[in-house]
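First the structure, which I've put down as structure tokens, then a few questions once you've had a look.
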């Protein structure tokens, strides 16, 4: 459904993405993981049209996204959430969703505003938004100003905004960041419920527990390249992946030594064991 | 012909010097606060009036050396006025919205202009020249000592400012605040100190420009700031607002555009387009430059990829 | 993914039904104006006309500045285009005497067209640079009006413009214009209200809040902004036509940069993005200088001070963006919706 | 919006304290509150025995606090000018003295002192940011994700410097996602989640606790090395 | 909220009118702020002087006169609001309004509608074209103001080439065009006809071009301080031509502003010199005594314009009405301080007076 075809992205001399090729299939959840700076967000931003592509193609079906202006990418069926929440803070929650349903053509936009059919169309848009809000348990917040909601709720509103237009590809950029266990669990249920035969979902996440539990396939990136791809268990046992995440075990030795040396010299805080402040 | 071109070049340099001096005040304030300081042009006017009053009080009207003293004291007085305006009318609005301080500045402009009118009078004041008189004839072009002095004073002030900003520790700190006030405060710089300093230097330079301007043209009126302020502001944009060399470049460029448009446009178009289209020409150049270089000639181009854009208003 | 619309439940807009008392209260304002207005002496009546005119201008500018978040410092250009349309198409200047209703439409459309022409090149600019270019555009239009002597009569202006007739009704006294302006205000108000409530308004708000995210949601931001420019200019042009019909004289000095600033002040002081804000702002900004007439020489000094004080006290304007019937009902009812 | 909830934490002189937690847990907000960029709604912040809640960031710096913000945020000035911005007069050492110390710590910066900091690589920018903070002779240094986006080899260098600084008596609060390394260099660790303190304790004990690893370690499962 | 403000306005206005109920009100509106503040203020001072003198002489029909001064800022919109305000004020029996042609034209509609006697200072020929019977213009309009200098330049100076500059304002461009027409008609050549902006102060670029054209005379259609600056800069650039300027330059400010450069410049003015008659001499002295400064360029006009109204009021039958005053003004026939006042049916002066002055030894010297 979504295909990265030899995609490269240069920032100045630095290649943030270096000849990446992989495909995201519909009906399943594809997770992209990797250390900070591995290029995951760059990949998302290129697909969504925020960044230009230096070379290569990004395809949804037969449509080459890198050739489209950003707003057309949404109409091509790709929508996303953002790592740092980007809601329209001053607008109500339901209006935030309606933005994604605004008619693409200016003519229909004006006809919608002043024409006779406008009211019905507006009602229909509203109904769709409310349905999605209800689905995500946000119905009570429909008329609240988006910026005034709690963090977790904002994250969900962003998800709602991304799905209200019924995309073919959904990019979720760290949806669980900053959520507590309960919220993460809730999110997990919502994501699983979204799984549909004609929807390709891409999940970028740091929360390994979440990833391991819901991803059908995992793409591991490191320093702008795809390091490995496979199921959770395949990835778990991949030594290259372990190294990428933990750093070369050898190189850490110096630090360990230096730290140990220091620890012998300085007073360590008198501590029994760990203090758990929360259950 | 050669003489005429030379003459017009000199004319352009003189006007450009004054635009550039005023443009500096706009650009410095904008660089730090992203604020169009509408009151700047009125402080320029106030500077000319205070200079005149001082010259009278000190009995140095018309003496070039007295002019230095007057210029210095006026710089300080108007500088302090600028600092007060910022504290009273802009600082409380910091962080509210972009429009509020701009319109507050507009209100301050009205206040200052009318205060100058009520105190200094409506009558155009005959201004004693602090500049040396005399002319040199260079290949048929007439250069007055006044023009030379204005150019020199402007260049000296601009170089001094550039050195201050680039070569002194204080200047470096100001640039840091201009780039990111929050980070600057994290490394121990008091952003308000830097902002006050900018509101001291910018209007101070404007005041000196006011004295030069009125000395050169021999007149001071309470309304003279508005139009020249608009032009200087245009110059600042032209050069890339926020950039000090940009303001200087913009000032001189606008001086040249205006001068040569006035001199040659009627000739080039066979009288079809007269000198009265000068301002259209100037604004069209501005629009064109912005369309092709959206941040002005020397402004930092901020690409869409590197900024996360949130609405300003 | 299945279509969530199919699961549509009842639209839970609890407030819709209760909106009408608030809306009715607001409708009372124009009705009251029409009843009380004609009984006022001519001077306050004329001030009222000016307030209404600037309120309509404010409503128009609000589309660009308040909804789309683009600062337009050259709005007076559209106003001027409208005014000169009436002056040229209904006067002895070219001995053309078109009916008012036609020119109202033509002038407004011309202005709207100018809005699009201006919009195409400048909309890729952002923030202050856009503001400066619109400022330049305003000045260019004014200087053109001042210089195209053969067409506009240059600085002399165009005098003795025809008296306006609207479907057999002569518009000459301040109360004639009161009826016209109240009518226009209601129409423009509903127009703007409609925009705000429609998909277009949603798109514009999204552009204002976060342009990139709006694009990410599939909004063609450039087009949407162009539409905003066109509508805004259209309203400005219509106001210009009425202004010229009221004054029966136009000259470039009525269309200075300062006028643009006054209209910006109207909406910022009143409250950006709220139609009622434009009304309140216009009232304040037109009335204030008239009330200060008693102070003669100190008039503008006090005016400037008042501006600064108002802005310092209410940096976000006198009326909140969300203010409206539903907001009012919510506040009055005390309950959340 | 409430981001932090009743957090109590303590840093002893010369100690390296690490704060861990997932994205959005409030770590950065905590650092910003300590240095005065954000105002604490309630509670007190004491620094060297003095109540400092409500002080402005630059006042904190003058009292001996250094803060390297997330994303480094070096100024688009030359390296040396960046150091100038960080210099706080009247804290004992002269500018030249401090500058030479920084160049001794990061020789590469000394070599390129007139180069624009904006053009440096990420690691070098991080060095500039740390050097800039050191110009204020801090007694407490806040480091917000110094390893973000850096190559492992550079990360090692940065952490070695952190240790060196700690040796020289500077207290350090380190916010990190690279938990393995953090546990190595830290003496004491606080774990944050959703703006609340989850768990705290000596680093070694933290590292050994399987529950901590389960929650915070970006390892791929519970049975990974260590 | 809006209604409340309107009520406030009404109350404020009632308070204003109430205070002066027993007196006869004469209104005026002119720019006392913005760029033309000096002209408007000194012009209104001239009226003030006439009113004070009339009051000192016992007022009119035993009542005191009060001048209600208003600031229109040179803005047509404000001018119409003030016109309405004056009209609504039942105690107001006549106005001297406005100073600018662009403000007078729209406001005269309103004054006409309420039958207000209106004496204007606006010199644009169009002002009287509406044919309002209540509107009078006791000064030479731009047609004569531009014509006389052209004739003088051609016949007395024998000029062949003229460069013309104007400030793109209604007045400046108006007189400049009249000068051009008359100069060409009389056989002269116009080398250039250039517009500047009213607020310009630097003319070096334009003057450098003009210098190359070597004109015999340079006509400047514009107002102070631009005139002074223009002449001064022209001389500094070595232009030898004779300068012609319109009435606003007839002021000590011009000579002081341009300095020695003003020597030889010719200025047209609608009044004889202040020292040419005892009446004018007295006016200048009285003015100085009353306001502590020299009269402005239009002070004498203001005095005359107010005098016309006062004279008419003296003759009009009691009780005074606007209509009564209008018909008396139409019948005006007296010697004002600048010349004889009597009107054509169109409201123009029967015999517009226009004088040309040359600057000689730092003083204005009548040349024609």
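Just so it is clear, A, B, C, D and E label the chains in written order, and each chain counts residues from 1 on its own.
Definition applied: contacts are C-beta pairs under 8 Å (C-beta built on N, C-alpha and C of every residue); 3 or more make two chains touch, one makes a residue touch a chain.
Predicted model only: the values in this text are computed from it and were never measured.
Common neighbours of chain D and chain E (chains touching each): B.
Any chain that touches chain B and also touches chain E is listed here: C.
Using CA-based centroids throughout, the chain positioned farthest away from chain D is E. Distance from chain A peaks, on a Cα-centroid basis, for E. Chain centres here are Cα means. That of chain C falls 36 Å from that of chain E.
Chain A and chain D have Cα centroids lying 28 Å from one another.
If you average the Cα atoms of chain B and of chain D, the two centres end up 43 Å apart.
Per-chain CA centroids place chain A at a distance of 42 Å from chain C. Of all residues in chain E, those touching 2 or more other chains are 32-33, 168, 195, listed in ascending order.
Residue positions of chain C touching 2 or more other chains: 146-147, 208-210, 212, 297, 300.
Multi-chain contact residues of chain A, defined as those touching 2 or more other chains: 50. Chain B meets chain C in the complex at residues 30, 34, 36, 88-89, 92-93, 96-100, 103-104, 106-111, 113-115, 118, 230, 234, 237, 241, 274, 276-277, 279-280, 283-284, 286-287, 290-291, 294-295, 304, 308-313. For chain A in complex with chain C, the residues that touch the partner chain are 48-50, 69-75, 79-80, 82, 86-91, 95, 98-104, 106, 109-110, 112-114, 118, 121-128, 130-132, 134-135, 139, 142-143, 145, 161, 163-167, 194, 196, 198-199. Residues 4, 7-8, 11-12, 14-15, 114, 117, 122-124, 126, 135, 142, 144, 213, 217-219, 221-224, 226-228, 258-260, 262-263, 266-267, 274-276, 278-279 of chain B are the ones touching chain E in the complex.
Per the touch definition, chain E reaches chain B in the complex via residues 32-35, 37-38, 41, 168, 192-197, 199, 201-202, 204-206, 208-209, 212, 224-225, 228-229, 232-233, 236-238, 253, 256-257, 259, 293, 296. Listing the residues of chain C that touch chain A in their complex gives 1-5, 7-9, 11-13, 15, 194-195, 197-203, 205-206, 208-210, 212-221, 223-224, 226-227, 321-322, 337.
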